[in-house]
Amino acid sequence: MKATVSRKAHFNAAHRLYRKDWSMAQNDLVFGKCNNPNYHGHNYDLTVSVTGEINKETGFVVDVKTLSDLIKEHIENAFDHKNLNLDVSDFEDLNPTAENIAVVIWNKLRPYIDSENDLEVVLYETPRNFITYKGN
Amino acid sequence: MKATVSRKAHFNAAHRLYRKDWSMAQNDLVFGKCNNPNYHGHNYDLTVSVTGEINKETGFVVDVKTLSDLIKEHIENAFDHKNLNLDVSDFEDLNPTAENIAVVIWNKLRPYIDSENDLEVVLYETPRNFITYKGN
Amino acid sequence: MKATVSRKAHFNAAHRLYRKDWSMAQNDLVFGKCNNPNYHGHNYDLTVSVTGEINKETGFVVDVKTLSDLIKEHIENAFDHKNLNLDVSDFEDLNPTAENIAVVIWNKLRPYIDSENDLEVVLYETPRNFITYKGN
Amino acid sequence: MKATVSRKAHFNAAHRLYRKDWSMAQNDLVFGKCNNPNYHGHNYDLTVSVTGEINKETGFVVDVKTLSDLIKEHIENAFDHKNLNLDVSDFEDLNPTAENIAVVIWNKLRPYIDSENDLEVVLYETPRNFITYKGN
Amino acid sequence: MKATVSRKAHFNAAHRLYRKDWSMAQNDLVFGKCNNPNYHGHNYDLTVSVTGEINKETGFVVDVKTLSDLIKEHIENAFDHKNLNLDVSDFEDLNPTAENIAVVIWNKLRPYIDSENDLEVVLYETPRNFITYKGN
Amino acid sequence: MKATVSRKAHFNAAHRLYRKDWSMAQNDLVFGKCNNPNYHGHNYDLTVSVTGEINKETGFVVDVKTLSDLIKEHIENAFDHKNLNLDVSDFEDLNPTAENIAVVIWNKLRPYIDSENDLEVVLYETPRNFITYKGN
């Protein structure tokens, strides 16, 4: 029997949508006010979901405490109260759109999730905009 | 790499569940208090989701501003502060159940979404009842 | 020791902002799209709060079950799935603005609340607009 | 045309994560503070979703009132204000993890859902932890 | 200039509404299903608010980190994953109604709040029922 | 008859807690990770409330459309997608703590609110931390 365990987490950060290899005009055209050179920021709400067999011994797919600790160690500690463009090396050459942040989070967590289980990341950039990424 | 971009929107409207070709007794039997001849109404919460490849140039599946504008033009402007039965031609011969409203919204948006991308609509009629429609 | 007990409730209804004694032009000027002659509607979220002494025997200010039943009998049964302008006599000569609906709800509940206790009503017309009324 | 109808419900209950056939030490090791012998508890939020063809006559996949009554009769009446370990026979020999509670809920509802329709259960144990179960 | 700083927190616990000095019949009459001898439980959501002068040096009324740590130490550690009736001495002779839990929380926190500042506690027992206590 | 009209709004921004006239060590000691020199950010949720007499002609305390436009013009346009420290002159010499941002918002709106009405601002910096300011 397969089920999905989901855990919500939270971090807040500054960012700017911007490509170094584009002119300021092109960045403005595509990214608008999200290209403020002084940055803006968000409270990012994150839901991480793991799908797999329910262990008959424990009744868990995965211990939610273990999952929560993984998110804290690999995502919240890395991103919270940071400037994504300047402080997080993953975005040194990657535009921190919500899509790309979701992919980076998925890639950071995937090695720690049992290889037989599936992983999904949902990232809210604002209460009205969110991204879902399942790894392919 | 595929991801899903979701955008929330909102409209409020009056409606009545009712078929012209049924007797009042049959309408009452099937639709109960939702068949009030004087109408009742809802704050409809809408989530529109587009799934597709992340564009490597922009880091977007779709610009959420573009998606938000589409919803505003084709759904909010058409439905907000309206009587769905009387003011919206799509429901002239279609009972405005939440299921049918979701289908109408999907059909209105589909032509404006890149044909390679998938579209999903979630429509909350009340905070406790909602419909999901994916186009098939 | 005084405390406040609050209970949330819900009803949905159609309405129109409109004064019979005004011209259509004046109604449009003041009430805009809320003056749609075919009505529109809302999911109204209601919070009713009673402030008073904590009864030392029961540990209750008021039994929340009793409060919930009062709201169901006097408000939800009277307003839910109704057209406020046409189906609810309180609004026969009263424009059903959120302010006036909150006052009507307060007046309907006040006789059933212990005279030594205070009553407050919060009425959400949409998730972003709400009214607070305390009876004076 | 297929759509999904979802209905939210709620119950609150006490429970303890614990296997009778394990030592107290092993229960503590695996279940930590969730193994408090005096029990702890939760407000469980439940979303039940049914996917199937939209009936062309009614415009419903399933009448949400019928779905709501099924949840009330088979889940809320059975679980609300109960101790899951002591008062609910389904958990006499089954550890009431959120995963297992979701499976039990799915199994209780499945016989009442049209066999051509799909059933999904989402169970929030806390606002930050939830389980999704689709029956396989 | 005075402002109010509010911090939300969370704990879950089992409880039973019950007075040892009443008969089971009287407990049932007054507390109904909340008097289940095997206990039931809740996710309690707590908001703690401190009102006082904004410190001109720091721009804080109170450092929200300090407030958060106080709630963690004195409330969450004492109540989370506990049986309020059996595990928390404050309720040894006090019926753990939401009103009484709010008063106990206020009394536990008051000594750690600057005497010139006001303290308010809001305690959600369920998403629809909550208590406000200001200390008098 | 007095009532309160409340309107919710939203902006997102980068900021840093920091006093120019303090050493970096003292800023770190008091403001911790909120003193990241590269900034971090938030989705700020704002509720603006106006209390006054209900106008007998219109049934409004204040037209919520007017209130919403005031917030858009004076707050959202000024703060959204900005760096509060660098882009907003109000914070040129004022540390942008949530308390101080709430005071600035109140001061910006007060001139546009009828002098007989009261104004209150609630500012959520994160979903768990918020400030209330009433102008004194």
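Read from first to last, the chains carry the letters A, B, C, D, E and F; within each, the first residue is number 1.
Here is the rule we go by: a contact is a pair of C-beta atoms (placed from the backbone, for glycine too) under 8 Å apart; a residue touches a chain by one contact, two chains touch by 3 or more.
Small disclaimer: the values here were computed from a predicted structure and weren't measured.
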Under the touch definition above, the chains in contact with both chain A and chain E are D, F
Cα centre of chain C to Cα centre of chain E, whole Å, reads 29
So, in whole Å, the Cα centroid of chain B is separated from that of chain E by 42
Cα centroid separation, chain C vs chain D, in Å, comes to 34
In chain F, the residues touching two or more other chains are 127
Pairwise touch list, complete, is A-B, A-D, A-F, B-C, B-D, C-E, C-F, D-E, E-F
Listed in rising order, chain C residues that touch chain F in their complex are 17, 19, 30, 32, 94-100, 102-103, 127-134, 136
Listed in rising order, chain C residues that touch chain E in their complex are 1-9, 49, 51, 54, 57-61, 63-65
Chain C residues touching chain B in their complex are 10, 12-15, 33-34, 36, 38-43, 45, 80-83, 86-87, 126-127
